[in-house]
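Chains: A, B, C and D, in written order; residue numbering restarts at 1 for each.
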Amino acid sequence: MSSKYKTLKEECYEANMELNALGLVIYTFGNVSAVDRNDGVFAIKPSGVPYENLRPEDIVIIDFENNKIEGEMRPSSDTKTHAFLYKSWQHIGGIAHTHAMYSVAWAQAQMDIPIFGTTHADHLTADIPCAPPMKDELIEGDYEHNTGIQILNCFEERGLSPSEVEMVLIGNHGPFAWGKTAAKAVYNSKVLETVAQMAYLTLQINPSAPRLKESIIKKHYERKHGKNAYYGQ
Amino acid sequence: MSSKYKTLKEECYEANMELNALGLVIYTFGNVSAVDRNDGVFAIKPSGVPYENLRPEDIVIIDFENNKIEGEMRPSSDTKTHAFLYKSWQHIGGIAHTHAMYSVAWAQAQMDIPIFGTTHADHLTADIPCAPPMKDELIEGDYEHNTGIQILNCFEERGLSPSEVEMVLIGNHGPFAWGKTAAKAVYNSKVLETVAQMAYLTLQINPSAPRLKESIIKKHYERKHGKNAYYGQ
Amino acid sequence: MSSKYKTLKEECYEANMELNALGLVIYTFGNVSAVDRNDGVFAIKPSGVPYENLRPEDIVIIDFENNKIEGEMRPSSDTKTHAFLYKSWQHIGGIAHTHAMYSVAWAQAQMDIPIFGTTHADHLTADIPCAPPMKDELIEGDYEHNTGIQILNCFEERGLSPSEVEMVLIGNHGPFAWGKTAAKAVYNSKVLETVAQMAYLTLQINPSAPRLKESIIKKHYERKHGKNAYYGQ
Amino acid sequence: MSSKYKTLKEECYEANMELNALGLVIYTFGNVSAVDRNDGVFAIKPSGVPYENLRPEDIVIIDFENNKIEGEMRPSSDTKTHAFLYKSWQHIGGIAHTHAMYSVAWAQAQMDIPIFGTTHADHLTADIPCAPPMKDELIEGDYEHNTGIQILNCFEERGLSPSEVEMVLIGNHGPFAWGKTAAKAVYNSKVLETVAQMAYLTLQINPSAPRLKESIIKKHYERKHGKNAYYGQ
């Protein structure tokens, strides 16, 4: 495998394998991509390949207009959603899509995940948004491209910033998460699944559990992400 | 082990062991069979043998009239259900029966699993049917043969095609799944269990979660199974 | 370790380790014993020893009057319950007590586990009984001995046979299971935990799920345990 | 690594790794500390370091006034909570903080965990207290120090002894547990998570499940912790 995209493919491969190792996907479900902004391309999992068979050289290179640049295999069926998000959000470096159990359950329930505690607030200060299912005319059109539009519209309507809220649920479908790298997108997918399960259990125990107070939301976010952050090294 | 059915037994053995590795059965629960249409026989797990002790040569060969063709051991107690389905549905190549947790729970609840999301729609476009418990006169008769009839009747009454819907729940009992090979039947058993858990969680979060829109059902099914399918290689 | 009870201790040790391997206990929770009817003694786990440190030679030998016959360590705090059951039920060869999650939850809910499906009926034809919490005067007395009485009373009041129903829940406490051997008692503990989880999920999905029909209960039990049984080898 | 705190750092390191091995934390979540009363210092996990990268020499040494005594890295962001508890409660030797699933769910539900059974009573005789979320003026102040005050106030208001009740939930946040050693604090974190899941399931099965009777609470506690204790060696 001698390719100018060797490193990018390997980053993408490692992130996909981590998705599987974390128990966020089974069989061929899910996919992760990694972008190279200088070359204007991203690397993505090939479609329908089980994780146990996946090799770095199977990763496909695509540009932001959905042209295949390198690779023998057909790219993930969700490729156009990735391309649209990379084109729309210049700062992101990786995207992950899973069918993780609790994330999907909230997406199928078509409900935002309320911010109930500090585990959530350590990562984002908003409820995790659930974009509504697509209108019929969009489904019949360019479905995966329109999934990207659906995500963008959801963030614009709610005034959310994709650099602060790095995850979303698509109603009836499942989660997408992103970050500065593919590895960070996978990390955010795991955090989302954890927060999704915690919120589920919270409401089972106390259906009228109160949302986290604004003062604590702010405190936890700032100690990790604020100017005087004192979390991490 | 020199047998003309060596390959068939090995296919059946591998599929049974995979059922266990996927966590869909414990102890001696469950069974998988694989058919050879040319020879008019199928291979099936012996009854009551724990998976950790199972060997390829223990697999039993049975014809469609339930005669034992080869093998020292008594075949699975569900053998007649397998025979009846192979005889009725010429296109199927493997059948799996499990006692997987969430699949059994829906079967015991005697409810169809509603199609709530795309994980489900990527595999089938209908709710997963739950056949009602058998009438008393059938139970007292040829029980396992009649379980096959129960499945067939359920599909006929609802106008379902067993090549499109490759899984069913038997009320009060548990799931059967099938496919072109024994491995595909096991795959479908795992998909069923996953979808069963997702639907369970969805209803716990939102008891009035809406069924997936017809337009999305159609889209997801066609991108994987339709004429212009673009999922997989 | 040269002891006339070497084999008995090893049987007991293996069964205790299996309890842990099956995920039915953590730390020092739970205990399994194995009886030798000829010698009128049973072997039981020492009290408060974590499974990862347990050795065959740590197993303690006790007679039916609760005298220590051999062993350096203090026996399980539940020893008198085991002794009472061995004395009362001549046919049983092993007893297991766990703190498995779903079994304990039903015990704490103080409810019988209803027979909802064939997984349950393949093992016993009755609801799994939950003995009520002990009366205060018995608690203050010989507590563990009285736990045995509590189990016996529950079976007598309900007309249950301990050779047909090999498991019970103690209200507010947890499960006991038994069988012809210690290994069978552990097997029954795992079956109980599985059935407990299935019944839990069934009621979450459908709070008015019907009990299994008598005709199916009878059929499944007889195909495994009846005169013309055709399950197993 | 030649340090006078070498043993203390290793105790702290082992306890942190055990937290991860028990599945009570993911990524960088959670932290354990171990105290040396003679030197008036404690060892604590560095902030934001994933468990798979953690080394004994990364552990940070802090005194009770929150001064760093030894170590290259920034200590856990929860360090001031640990310092405050060590200063307030002279008898404790280790503290653990996790984001374990069921413990966090109860904390987010802002409810005490009721004592429903003997698994709970074998460890403590009270409901596991959930301290209310902090008042806004305290959050904006010295947040982690004030979390310690929050815990202390909760114990004082309820008349609880921290040597008998070795665990607490912080509303909206999660659990803290402690004990004579760091290893015991981790053990108590695992017991808390187990009891939290059992209580959750109990209420799902029977929303009006009764609290454990006082007579059984007393009996189970005394057989393990009382003057005539007969549990353990």
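Everything that follows uses one rule, which is that contacts are C-beta pairs under 8 Å (C-beta built on N, C-alpha and C of every residue); 3 or more make two chains touch, one makes a residue touch a chain.
What you are looking at is a predicted structure, and each value in this text was computed from that prediction instead of being measured.
Distance from chain D peaks, on a Cα-centroid basis, for B. For the self-contact between chain C and chain D, the two sides draw on mostly distinct residue numbers; the shared fraction is below half. Averaged C-alpha coordinates put the centre of chain B at 33 Å from the centre of chain C. Multi-chain contact residues of chain B (touching two or more other chains) are listed as 204.
Under the stated contact rule, the graph of chain-to-chain touches is a ring, a single cycle where every chain has exactly two partners.
Those residues of chain C that touch chain D in the complex are listed here as 26-29, 46-49, 73-74, 77, 99, 101-102, 104-111, 133-134, 136, 139-140, 143, 172-174, 200, 203-204.
The touching residues of chain C, when paired with chain B in their complex, are 116-119, 187, 190-191, 194, 197-199, 201-202, 204-206, 209-210, 212-213, 215-216, 219, 223-224, 230-233.
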